[in-house]
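Heads up, there are several structures right after this.
First subunit A sits with subunit B, and in the next complex the same chain sits with subunit C.
Now for the complex of A and B:
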């Protein structure tokens, strides 16, 4: 058998948790430092479902992939990170696997939060002065042994690359973004579920897997709380790959497409997500701890009294969230809010005119 | 003007509690938001100023990359 690292290089597999970093590079570093392997099966993003789907349907291959990544030089047995009390956690435990349970919080499944939990700390993100695959310390000086976290789908794909080869893998997707990918299609679609697709498909074809975009649909979220939102018509003309999503400020992310409820005010839907994101700050980093609630408040104000002052306040909040946390939670929420702000321009204009396109819902109190 | 080599500064956001000393020690390169947390306007600063700022950070949150 060809060396696994060579095969991963040739396949061009990248992390399926959203960051899209080269898996070969990560695995190579993990081996060099004999890093402990943690498989992230949390489905931590809003709307995510693929990691649990893999455990339900392809557990054997997941275990095989983890064994291939770990090789025989790791410090300790592979562990699988899952939310405490989740169905995924119990399935993993029933299979006799080492389960690292993390709390049901949005940031608990973030890479460094998982590593912190794995070393006896709280499942909160850590400042990443250098990648923890080299080992390091948390902010309090606690020693962190070399640890690598790979998303469950990434590990599953490793087993497929080993089994079927890089050429098979590259027969899916695009040259730049090869390989099959799982996508959780949910929300206002006839058949929500986890589907297999690949980069380069039309977003409309992706939605067809779940029964198609209903004619009354108006907005489509791609990537959850760290993602973007598109109008339905924009979604229908968008190609699901990095260049296509970049046009909307987005990325392929962790494979989530959510059709928003057309009978709810989209400004409210976005506002609820932003408020949720604010509540999910770990409260460690000031710019996130104070900045996200302030963003959430500014969003609410703009929805109630759209106008230049409210818009400027919101923009000011958005500008102070990027790269100012230990993790990228504030960046993700800011990206989502900025995207929603642009996409919902017509809705904000309607609110400014003292009417809402969703008048059935009592939500906007106009002064 | 004698110039020292440049250094890159970064903030450990978990440790930072918004004392704001870095904005005093590195005027221009660091400003503060309304809650007193640093906004890095320029990561690259003269090395001697950077190491002094690192030394004076009360939370030990400022560090060199």
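Now for the complex of A and C:
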């Protein structure tokens, strides 16, 4: 029991769902409060695929990891949260595991939304006054039993740390961000899929795993809707670790790299993602239920009529979303929009001249 | 002070209380039903709603104390808190007591609002409509029965309040509409 916690501490495993919180600390708290364990297998972020990949290829190790985390003192059997009707959900059910089906929505795979659904509530985020591993109350004052949610990859890595030891684990990645990590590389690449990587590799090497960055590629998204967008040239010179991604306002996140279709207008692509994010609001906090649709509208206006007034309006909307909303959904969408606004400056300038990358290809012809 | 003075004082403060209460209730409806909460005006409305309700307590306290101290009719101190315990006009004095009790609940829960789940506070605060109606009925039927001026004041209060209630029911509310729209989506 304590052996596992020591090993996790030594290995330096952190949550692979994106928050990068110490797994040892979380598991220790879960043990102390005999918290129910829910494994998050939702692949909730846009472009995510690794949770499903683990279920498909390493299910028995996932179950083993869940058993190790849960120990034998939990209140009830481990459950696996997956999107309703997904292939992952049916694979889990076929394996005889307890499946917690949540609606196929962006915010429903958020930690507290999963906990709410697990306690018979709606799959919407709850205010986290204290971590729910200690137990707590929902917004209506109903009691929520101690519950811990771990990402599927985190649980899988726990079983690997237990089997191969912390030293093996630390032979991957960097000193600050050790261990192997799964990355879903998708979009405009020759071989989209889920690949084994680690922090500290060049983004270009990550892309090589999927067949390399095509020469006509122009933009690369890292981290999905909660992440950032880079130009292809910036992506090729970026190291995939926290310091490298921080330079672009991003983070390692849940392991997603998406090459954008170079034949679609990138302003539209970003706009669609922002509109999707606005539509996924759970309608609980003002900045989210009103701020995100307003942001989406401001983005659309800037794309149609670029100029100082539209730009200022968008900037104003963005500044109003910073650090707002109980589950930080607006924060994530705003971060993405701010990143896209900077990265797509050339495209907005082209739109102002009534040109667009989509109309003629490649865009460089106009230069 | 002679008994006559108590009687006048009790009537006057009672009517003022009803008027102030109506203003407080209307401001509350404006706060709850406003379409767009504009910064300063919303703060002013909220502030007046709160402070006027406290100011009204002074008039209400004088109204109650003078009515009992007057002694011309038997009411009794118990009737301040226990509804329908007054020997005189059991039903009508009781309505006033009901309003006072509800008022105490509303004030205590609002004072402790930061310690109560928002939804629970809101449900409790809805009883302010019942409290207002009880106070209006009490005032209309008792204090102003032989004074057309005072009776008209009560009627005016009821009319104005009724118009605000109608506005509150009809007014569209961006927050409520967006919440309903999102609640109708799949969340389970």
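A few notes on this one:
Throughout what follows, the second predicted complex is superposed on the first by the 357 of 367 C-alpha atoms of A that agree within 3 Å, B and C clash if a C-alpha of one lies under 4 Å from a C-alpha of the other, contacts with A are read in each partner's own complex, and residues count from 1 in each chain.
As a working rule, contacts are C-beta pairs under 8 Å (C-beta built on N, C-alpha and C of every residue); 3 or more make two chains touch, one makes a residue touch a chain.
Small disclaimer: the values here were computed from a predicted structure and weren't measured.
After overlaying the two complexes on the shared chain, residue contacts for A:287 are found with subunit B alone; subunit C is out of touch. In the superposition on chain A, A:105 contacts subunit C only, with no contact to subunit B.
By the document's definition of touching, of the two partners only subunit B reaches A:129; subunit C does not.
Touch criterion not met for A:58: it reaches neither subunit B nor subunit C. Contact with neither subunit B nor subunit C is seen for A:28 once the two complexes are overlaid on the shared chain.
Of the two partner chains placed by the overlay, neither subunit B nor subunit C lies in contact with A:119. When both complexes are aligned on chain A by C-alpha atoms, subunit A residues 139, 286, 290 touch subunit B in the first and subunit C in the second.
Only residues 10, 12-18, 33, 35-37, 39, 63 of subunit B touch subunit A when the two sit together in their complex. Only residues 103, 105, 108, 117, 122-124, 139-141, 281-283, 286, 289-290 of subunit A touch subunit C when the two sit together in their complex.
Considering their complex, residues 117-120, 174-175, 178-179, 181-183, 185-188 of subunit C touch subunit A.
Listed in rising order, the residues of subunit A touching subunit B in the complex are 125-127, 129, 138-139, 284-288, 290-291, 320, 324-326.
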